[in-house]
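Presented sequentially are two complexes of subunit A, the first with subunit B as partner and the second with subunit C.
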Partner chain A sequence: IFNNRNPRNTAVEMDPVEYTLRKRLPRKLPKRRNDVYVNMKTDFRAQLARCQKLLEGGGHREICVHGLGLAINRAINIALQLQASSQGALQLAANTSTVELVDDLEPEDPDEAGEPMTRTRNNSAIHIKVFYPDPQ
Partner chain B sequence: SEAEMSDEFKCCTVMEAQSASFNSSVPSSSLSVKLDQSNFRRVSRTEDSSPYPIPGLGADVLHMRVREGSKIRNLLRFVTARMDEEGRDVNRTALRQVVFTGSGRGVTKTITCVEILKRKVGGLHQLSKLYYKTVKEVWDSTQQGGPTGTAMQRTVPAICILLSKDPLDPQEPGYQPPQFPSIPTEDTERRGALLSPKQFKPPSLYFYRY
Partner chain C sequence: MSAAKVKMREKKMRNQPPSVQYPFGELSVEGRPHNPADGLASGGGVADGPSDSHPATERLKSSHYRSGWVRGHQRDGGNYAKELPKCISAGGFARARAAEVNAMLKAVSKTTGSCHVFGALPKHMRRRAMSHNTKRLPRRLRDVANRMREKSLQAGSKKKKEQAKSKSRKARRRHGNLLLEFNRRQRKNVWLETHIWHAKRFHMVKKWGYCLGDRPTYKCYRPCYRAMSTHCLLQDLSYYCCIELQGEEDKLLAALSQLTSKEAGPTFAAALCLSGQRQGSVVVYRAGCYPSQPLGSVTFLWRPSTQGSTHRQLWIWAHPTIKQDLLPELQSVCQCCEAVVPPVVPLVIPAESTPIPEPGESPEDKPMPRTKRKQNCKDAGGPPAKKILGDGTRSLTTPVTWRSSSTGIVINDLTMEIVRYRLIGPQSHSVLAETLEAATDCDEVNKSQPSTLWWPEHCKDESKMKLHQLQADIFHILKGIYSTGELPSGTVLGLAVDDPRLTLPTKKVKALPHVQQIQEEEEEKRRELMLRGVPQHCCQSFLWEKSVRDNATDNKISEQDLNRMRSEVLVPGSRLSPTPLQGRVPILLIHQPGKQLGHEMRSWGAGWDLLLPKGWGMAFWVPLVYRGVHIGGLNMSLKHAQNKGTPHFPHDYPDCPAGIRFQEEQEIDLLVKFKRRPPAKRTNYIKHGCLAPFRCPWQQLAEEWELITREGGKERKSATETQTTSNANAVMEEESTSQLDNAVMKPLSHFTVLRDRKSLKLLSGWCRPTTSKGQRLCRARETPPLDSAAMMSFLTKCSMSVVWVRLSLLSKGKPELHAMVCVPFTEDLKLLSNKSDSSCPREPPHRNHFKSRMKRRKKSSKKAAPSSSDKGEGSDLSAPNPNCITSAEDPKSSSESSTDLVVGLWPDPLPSITSHCSRVTLGWVTQGDFFLSAGCGEALGFVSVTGLIHTLLNQPKEHRGIFLLRNPTSLHYRFAKINIEV
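Right, the complex of A and B next:
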């Protein structure tokens, strides 16, 4: 009997073969000059300074600060710091989204029957527009 | 886990009771949490009573306070039950709006909750606001003869997200319209995972079908 469900999927849970979990990098996102992708590896002050430079020296009216997962907090922190140091001249507009991430499962022992697999999961992200409001 | 769940639930109902007046200060219980980082012990922790950054909120809004240790399934079970049109009580109408707030390490969880709820319920308008929350802490020395208690003020990043079944002002910074076209159910998501390129091969059974 042909089973419509992938039979190997049910085998995944019981498979004794050990796998190494390898997290792929998030899907490459569009990058404009005024996009800042915040991470947890770079020094906080360096990332804050980069944003300040874009707004003050770079002549951008708005920048977009993005943060994924753990870096959400840092992205918010940077945006709020920018706003505080501008004496209220800057405004924030935050949007949230879900980003699909892919993990690779590679068998530890290549001789075993295990096949390489992929697994997708979701993570939350934030996109904060930091901008000078248009004078009205 | 059973006890934990009921505790969480109790917590939610308390939140709900407080939701009527948004400006009321919510002193968190003065826990004596012992931290291993130094010889100091936190005596009390008071969160500020900052007014909600979202203007014009109705009094009937449900307020969900997401903390670091909150379980997403508990929060969502509570909210979906209250927002569900069919599952409402006879004298209680289904909720139109819900506010999620979280600070510090609870921010990510707050966003995750909102994102899952948006997928589950669908057609929700969203308004997100960022702010700093000030937390006053009093620390006491645990060592004899050491320095005595110190008061500390910390600012932690916080987020406040309003989800509404009714339309919101699209001009307000932080507004997000509902995303109608792609509401992936959990099922299609899983199927998508199955059919990811590396994994997708016809099962060998396929060839013996005839």
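Right, the complex of A and C next:
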């Protein structure tokens, strides 16, 4: 569900002709019902509607909106939209983290020339808790 | 005369003496002088005279002469006076009358079969259920009725006896008899070990010498897809053939390198695969023939080498349809032509010392299964286990081992020796982790004693136990992983596990991952596993050794014994402890990479393959099913490949012998299905402008495009450089006319499928790769700009080839099998800008030139029908099948296509394929559907490389890679984005 992008500054110098880059999926963690992983593929409105449904119809007091890499912007956007549409009833609490991603580099000439390499790179992620504050 | 009447008459005439006809007695005599032969010959037969009971005299006149038999009393007929014989011989007359009287008496005295006794009673004396209770009859008839009743009862019982020749159900279901029956039924198509389980739940098909489950009988298309994308789908792939190669590493590699090419991707010698850490997959070609004559794709697995030894073992897993091509090829490259006779196996590995069972026992097997069973009983000393006889791809008597004296390579055919299950889905590792448990150590007492079982022997060896411990640790880490796709693709893990039947849950439970906060140390291990995969020494498994495999197979605890042991447990339902010594199985786990092509849905459909020694199939199958997996059949394998975007064997290998065979079979199937419809209800493919709805003439396509380029090249030299699509189209029209002599001029080579990775990458870049629906451009590596110079240099390399592409529809629509990929006009591309679905180009309906010919044919067949009396009306009604019409009215057309002129299908010599429709055809779809993973209609198929590049070159940059797709049954074109995924 995450959307990961290629960082501009590659740690390992590689020749694009020699290797094929295959990105592995980011490590997933078990998902609760009120977790929303934001991606760049699904329509923005659909994702916003999903969050609203969880908060209003789903009966959750709080939801977590997660975004990775390029999707951080969108996650923030969704959270802010939710807050704006609730007329200030919702509060936000944002956390950032770093996620380790794994890439496979497959050599084009697979015999003797090069071993397939694996490299890790880091990408930023945001986790925004959107919640109704306690009445007191 | 109607059939019923004939029957009645026949019944009446049954007891007539042969020379006499019952109603026409007088006439027979009278008629004799005129036509004596007639009278004599037509003994008891039905005369062909008129059957009406009151015939008009006029008719009689005419018919009288012909037949000589007339019914009725015709004394007063004036005409007959003349025909009356002048004299009657008294003897003859009396004899005839005597015969008649006799016949009459016989007819009166004998009741016919259907006549009941009470038939003689007047209606008012008949009673209900008279035939059942004879007391309801008047007494004078009772005796006769009783007799008849007895007779009928006897007859009934006799009939029953004949039916009940087979034994009672109880006898038939007795274990031994059932096994015999099963063995008989799988003589032609072999069953997998899970056959009976599947046969209860699946539509079974007989394919490739096996009985395989095609799709479940219950509705589960979407649940199966969901299982593949969120949980786990299980398949039995044991029908795949395993070929084992043993020998020195360098010699093996030298031999195998002839079959593959580095250009098409990693080969057998790829470093990681060679170490045994990864499973590889290659497309195999005939020796030294790359890029032509491919055989098909296989996967292979090297056994990790033991220290210092160069002797290697390699398993090649191939689809049963290529085995017949692959095995001779392997034998020739390895120079292994000597078949090894089992009793004198001088093999290097001691594991081979036990004789290979199949060929040895085949003589007893074949003729009489009964004797074989008895023998088995003697041998095993117990009830015989389910016997697997040979396999579907070879006969019992053929050898399974070949060795070479020059290279020392040994080829072993291990088909059906190893069970292979495939688990697809992100949770497949949790299913495995829950089902399997690393084999428990055996206690000291057992260790000290010598044992015939393999596991106690292994327990004595310290190094082996250490290895087992390491493997078990890695297997334990698997539980802490959330998704199967996180692991490096193709990882191999060897293991020995406990019998999974011992931990069978009482209820079906859904296996879920147990991801919790794990310790620092564990976390480190997990990271290591994700980055590097399983270390080399842990890929070792004892499944590689034949002796261990056989030992495990032979000593499997039978279900019966296991149940007995369970019933003897003190606390019912608790686990058996200690674990019986026989319950250890060597297995091999192979990670299957998921979707690797393209930019989205990465590692979708990743999973694990589970390899087991034979005989253990059901013991693992049921526990796996109890972990809440879905089961898929052949149908789901196809869908899995489709969603992954990979060609599926043998459907999508049109240049391989197996693929060609498959296409021929498919064509016949589709044609039969098509012909089953009445002609008026068939799709008229001629009107739809679809030349070959049931097959794809790839060769013709490649040839035509080749000619077009040649022609186009000439044109470009002579005329200006401007060449729009419509221009090209015009060229093509002209082309199709001169095509024939061109083809004669220069013979063209056989078409190939482009598999060269560098070319594919180049082509992929030129197609302007986007996300599936074409919304977003994907970042691609820099490719040299597409111009005519680049095109020419590219085409010199790979002319006459087709390329595997993925097409995603931009709007609605669901592509079907053999849909056409066409080139849009520039005007069509303008339609693309307004977003409504209805704005798709349409193909003008074609004229059916064959209609008139068809009609003529039908007419002529009708004319021909009355002359041949036996055909009559029936054949006329079924005339749509033109195969039976063999009129010679139109010699030209009948010689041309009389044999396969089917309503709605273009007859055989096809005209130019590319220019047949208004839009130029580029290729066809081999798999099309609504893809649940993409959420839109997608299609996979091949297009001509030449045509593709030409079109791309002429398309404006923003619309590059937009093509049209049209189903064979539709006139609507749909826009689709082409993507070549490397």
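To be clear about the criterion, the second predicted complex is superposed on the first by the 117 of 136 C-alpha atoms of A that agree within 3 Å, B and C clash if a C-alpha of one lies under 4 Å from a C-alpha of the other, contacts with A are read in each partner's own complex, and residues count from 1 in each chain.
In this section, a contact is a pair of C-beta atoms (placed from the backbone, for glycine too) under 8 Å apart; a residue touches a chain by one contact, two chains touch by 3 or more.
This structure is a prediction, so every number in the text was calculated from the model and none was measured.
K.L.:
Please indicate which partner A:A79 is in contact with in the superposed arrangement: first for subunit B, second for subunit C, both, or neither.
P.N.:
Once the two structures are laid over each other on A, A:A79 reaches subunit B alone.
K.L.:
Under the stated touch criterion, which partner chain does A:Q87 make contact with: subunit B (first), subunit C (second), both, or neither?
P.N.:
neither
K.L.:
For subunit A, which side has the bigger count of touched residues, subunit B or subunit C?
P.N.:
Comparing subunit B with subunit C, the partner touching more subunit A residues is B.
K.L.:
Examine A:P116 and indicate which partner it touches, taking first as subunit B and second as subunit C; both and neither are also allowed.
P.N.:
After superposing on A, A:P116 lies in contact with both subunit B and subunit C.
K.L.:
Taking the superposition on A as described, I'd like to know which of subunit B and subunit C A:K41 touches: first, second, both or neither.
P.N.:
So A:K41 only meets subunit C here.
K.L.:
A:L25 in the overlay: touching subunit B, subunit C, both, or neither? Say first, second, both or neither.
P.N.:
second
K.L.:
One more residue to check, A:E108. First (subunit B), second (subunit C), both or neither?
P.N.:
So A:E108 only meets subunit C here.
K.L.:
Go through the superposed model and pick first if A:S124 touches only subunit B, second if only subunit C, both, or neither.
P.N.:
Once the two structures are laid over each other on A, A:S124 reaches subunit B alone.
K.L.:
Looking at the overlay, what does A:T96 touch: subunit B (first), subunit C (second), both, or neither?
P.N.:
After superposing on A, A:T96 lies in contact with subunit B but is clear of subunit C.
K.L.:
Do subunit B and subunit C touch any of the same residues on subunit A, and if so, which?
P.N.:
6, 102, 104, 116, 118, 120
K.L.:
Where on subunit A is subunit C touching in the complex?
P.N.:
6, 16, 20, 22-25, 27-30, 41, 102, 104, 108-112, 115-116, 118, 120
K.L.:
For subunit C, which residues count as touching subunit A in their complex?
P.N.:
The contact residues of subunit C facing subunit A are 262, 265-267, 269-272, 482-483, 485-486, 488-489, 513, 515, 530-532, 596, 600, 602-603, 757-758, 771, 779, 781, 982.
K.L.:
For the complex, give me every residue of subunit A touching subunit B.
P.N.:
On the subunit A side, the touching residues are 2-3, 6-9, 69-70, 72-73, 76-77, 79-80, 84, 91-98, 102, 104, 116-120, 122, 124-126, 128-129.
K.L.:
Any idea which subunit B residues touch subunit A in the complex?
P.N.:
The touching residues are 104-105, 107-108, 111-112, 114-115, 119, 126, 128-132, 157, 159, 161, 173-176, 189, 192-194, 196-199, 203, 205-206, 209.
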